[in-house]
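In what comes next, subunit A is part of two complexes: it sits with subunit B in the first one and with subunit C in the second one.
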Partner chain A sequence: MTGLADLQIRSVTHRFGSTTALSQVDATIRGGTITGLIGRNGAGKTTLARLIAAWQPLQSGSIHLDGHPVWESQDRTSRVCLMKDTGGFLEDQPVRKSLRVHRAARPHWDHDYAMRLLDLFEVPTKKSPEKLSTGKRSALRAAVALATRAEVTILDEVYLGMDAVTRRMFYDELMADYIARPRTVILSSHLLDEVEDLMEEVVVLDRGRVMAAGDTDEVRQQYSSGSSLASLTDVLVQITTSGAER
Partner chain B sequence: MNHRGDQLPSFDDRSPIYLQIAEHLRRSILAGDLAEEDQVMSTTAYATTYRINPATAAKAMSLLVDEELLHKRRGLGMFVSSGAQAKLRERGRAEFVDAVLRPVVDQGHALGLSTDELCRAMKEIS
Partner chain C sequence: MSAMSTDRRTTAPQWRVATTLLATEGLRAMVSATAVMVAVALLFYAVARSLGWEFVEARSDVMLGVVADQRSVVVVVASGWLPVAVSTAAIIVAIVLTASRTRMFVSAGFTRRAIMSGTAVTLVLLVAYALVVGAIVTLVLGPSATAGYLGAEGAQVSSLVANGVSGLAFGVVGAVAVTVLFLRFVWWVGVLVLATLSLLLTVTGAAGALDAVSSSAFPWVLWALTALLACAYWAMMRRLPVR
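Let's turn to the complex of A and B:
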């Protein structure tokens, strides 16, 4: 759909002590898509997200964006934005101060857009993040992630504690901004019913391995039987609870 | 400029959304709600209206382009092709007897209705 660069993930294996978090992960995140990174807790989603964002070095394998290793790219802070459910803010300082840091660090930062989103989500910018409710903190993260306008935006469970209305507003803003300013969005969420129609492609992880990947409709059809289309939850249930897959 | 064919019913989970959009557009063209050279709702309008990925709507459109029901005008959008309704009618008639009429007749016979009785019932309701 766009001329945006693909993310090439090749043979990535990552261990924490004796635990293998990722095992020979191969995946291509197509530039300009909204790609879902889905799996159960402990599947390796966050580890993969951190490696894509170059928050930590690779142990083995490679991740390239536009043909360059993400770890060595000088401009990676402008190109990749990872927003997780924790971290990234000055917890005991007013939200405004954190926004100033993001504004300085992020070349494509749109401050007016950030303020508009925070207003929409009713996040008070005079308070410090530690004084906000979980839902408001999540809304703050979502707003900052969108306003960063990074070429690759990774949203890792940013919806924690957001109420249904805020989540709906967030999805609408995400889609509107994605359409207006095409970029690659990697979306990780447990609220699969709410996000499955937003995802053009998916990568399904289970215990550190890629179990399915590609066009969301095709993956859902592969796991369908009878007269109804499998939801992504159905896909995940089949993948993670069937002994035959192992 | 017309933007019709946008009274889309809510999607069900029986088939992928792009197939449902494609089928809805076919029905709108067949019924004349979307006339030849009418503009079809854009993929981005589908995306924001129904909270779906724009690529999903684009897949539906390209399916109908392949079927020569829609055509793209560069920079303007998708339009209903001339002859689209006639094409759908022809295709629909070919499938109608096998796909629609035969099961009805079979079910009528199973209920003990004779072919004559079925014909009479058909005349009454048409």
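Let's turn to the complex of A and C:
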């Protein structure tokens, strides 16, 4: 028991014009776990992440943290951090200016840790994000996400563009910090082989619907045949090609 | 949050934090812009003096000008241009701050309400700054000279100030509302709304009527329009998405 609040997602439906991105999504992200949000392109992962972080208003349904809606609640929005490939930075200003904003907005921001991570990932703070390489931009986002120490930290493909060594360093840092200071981490990634061992729980989305959810090993077990345990990629292949819900 | 080992800092309300960040940035930009304007003016003055150009007192319809012929160069400068330029800078700063900070602040965890409050206070400070610059120029030149430069001979300084403040408030709030229109909706919706509005104002002759009634005789018209724009800003910000 970590004492961290659960994230309750209830009956969330979201449309973009005639396209239904999420349909009656129900899920509970247990507090203090690393939960994988997985699915193919267009499954609705990013839309769900944006709704959780209140980047986008809900059309229907509810998302509660600690029993209260996240939307427009200062105490909730400051405790939920979404880091994805865009947003969250003043693109044409030196990195340190963006850090100043995060430092002011995030109640648990650890500036020394941020600077240590940026140093580790070799991200220059005098340059603007738009002048950094794709890999360095990703490293910057990862470092800031960790340094926010937000109770709910959502990492949506934040490691795209990082080289293998930086990714490994990031995973190590994530785990070390997670063990030292428990938080709820939501990982969304296509690099399933790399991150599936980190995921304690998983929510599998397909075409905007939750197809499987729960303890990662149990979900993998459900989709296993014979003696070998199915990987999350196997799970995803089975779900998205058969459309079977278990 | 009992298990979080990083101590939670005592944080001020978000609106106060957002206000501090926005106002600091806005006023810094205004001070820089004013410094550049004054420096350019002083440089211009020094060059004109060193070359022996003739200075002519500005008329109400000329803010800045250089007239040169084969025999002489005449420089026409009105010091009254500074408050006007600073007011223009305030509108530009309001646009830039809103465009660059709004979405970033939401993604950093600020509520939209906090950003709206911060923006409102910052706009008040921007208008106040322009007013202070105007007051300094008035003190330096004298009230009658300032009124003359602004083309309002005979007018009372108090009514000039009232008109200036209502005009600038309308300008900054309008600028922010238009900026948020483009943040809230896709670009073509913003273009469509602005085009429709300008077409309506032109066709119905409302633009001319508006200009007439918003003169010194009816200063409340501009304040009413400013309030209307502020409501539009609030309505759009309430559900502003971050892409």
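The rule is short, and it goes like this: the second predicted complex is superposed on the first by the 241 of 246 C-alpha atoms of A that agree within 3 Å, B and C clash if a C-alpha of one lies under 4 Å from a C-alpha of the other, contacts with A are read in each partner's own complex, and residues count from 1 in each chain.
Note that a contact is a pair of C-beta atoms (placed from the backbone, for glycine too) under 8 Å apart; a residue touches a chain by one contact, two chains touch by 3 or more.
Small disclaimer: the values here were computed from a predicted structure and weren't measured.
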| item | value |
| --- | --- |
| Overlay on subunit A: subunit C relative to subunit B, clash or fit | fit |
| Which of subunit B and subunit C A:G61 touches, first, second, both or neither | neither |
| Per-residue contact with subunit A, leading partner among subunit C and subunit B | C |
| Touching partner for A:G88 - first (subunit B), second (subunit C), both, neither | second |
| Touched partner set for A:S227, first subunit B, second subunit C, both or neither | first |
| Partner chain in contact with A:P124 - subunit B first, subunit C second, else both or neither | neither |
| Superposed model, angle subtended at subunit A by subunit C and subunit B (C-alpha, nearest 10 degrees) | 160 |
| Touched partner set for A:T33, first subunit B, second subunit C, both or neither | first |
| Touching partner for A:G161 - first (subunit B), second (subunit C), both, neither | neither |
| Closest approach of subunit C to subunit B (Cα atoms, Å) | 15 |
| Common interface residues of subunit A - those touching subunit B in one complex and subunit C in the other | none |
| Interfacial residue positions of subunit A with respect to subunit C in the complex | 2-5, 32, 50, 53-57, 72-74, 77-82, 86-90, 92-93, 98, 100-102, 104-110, 148-151, 180-183 |
| Subunit A - residues contacting subunit B, complex | 1, 33-34, 171-172, 175-176, 179, 197-200, 216-217, 220-221, 227-229, 231 |
| Subunit A partner contacts - residues on subunit C that touch it in the complex | 1-6, 8-9, 11, 13-14, 17, 20-21, 100-101, 103-114, 239, 241-243 |
| Sites on subunit B touched by subunit A in the complex | 13-18, 44, 47-48, 50-56, 58-59 |
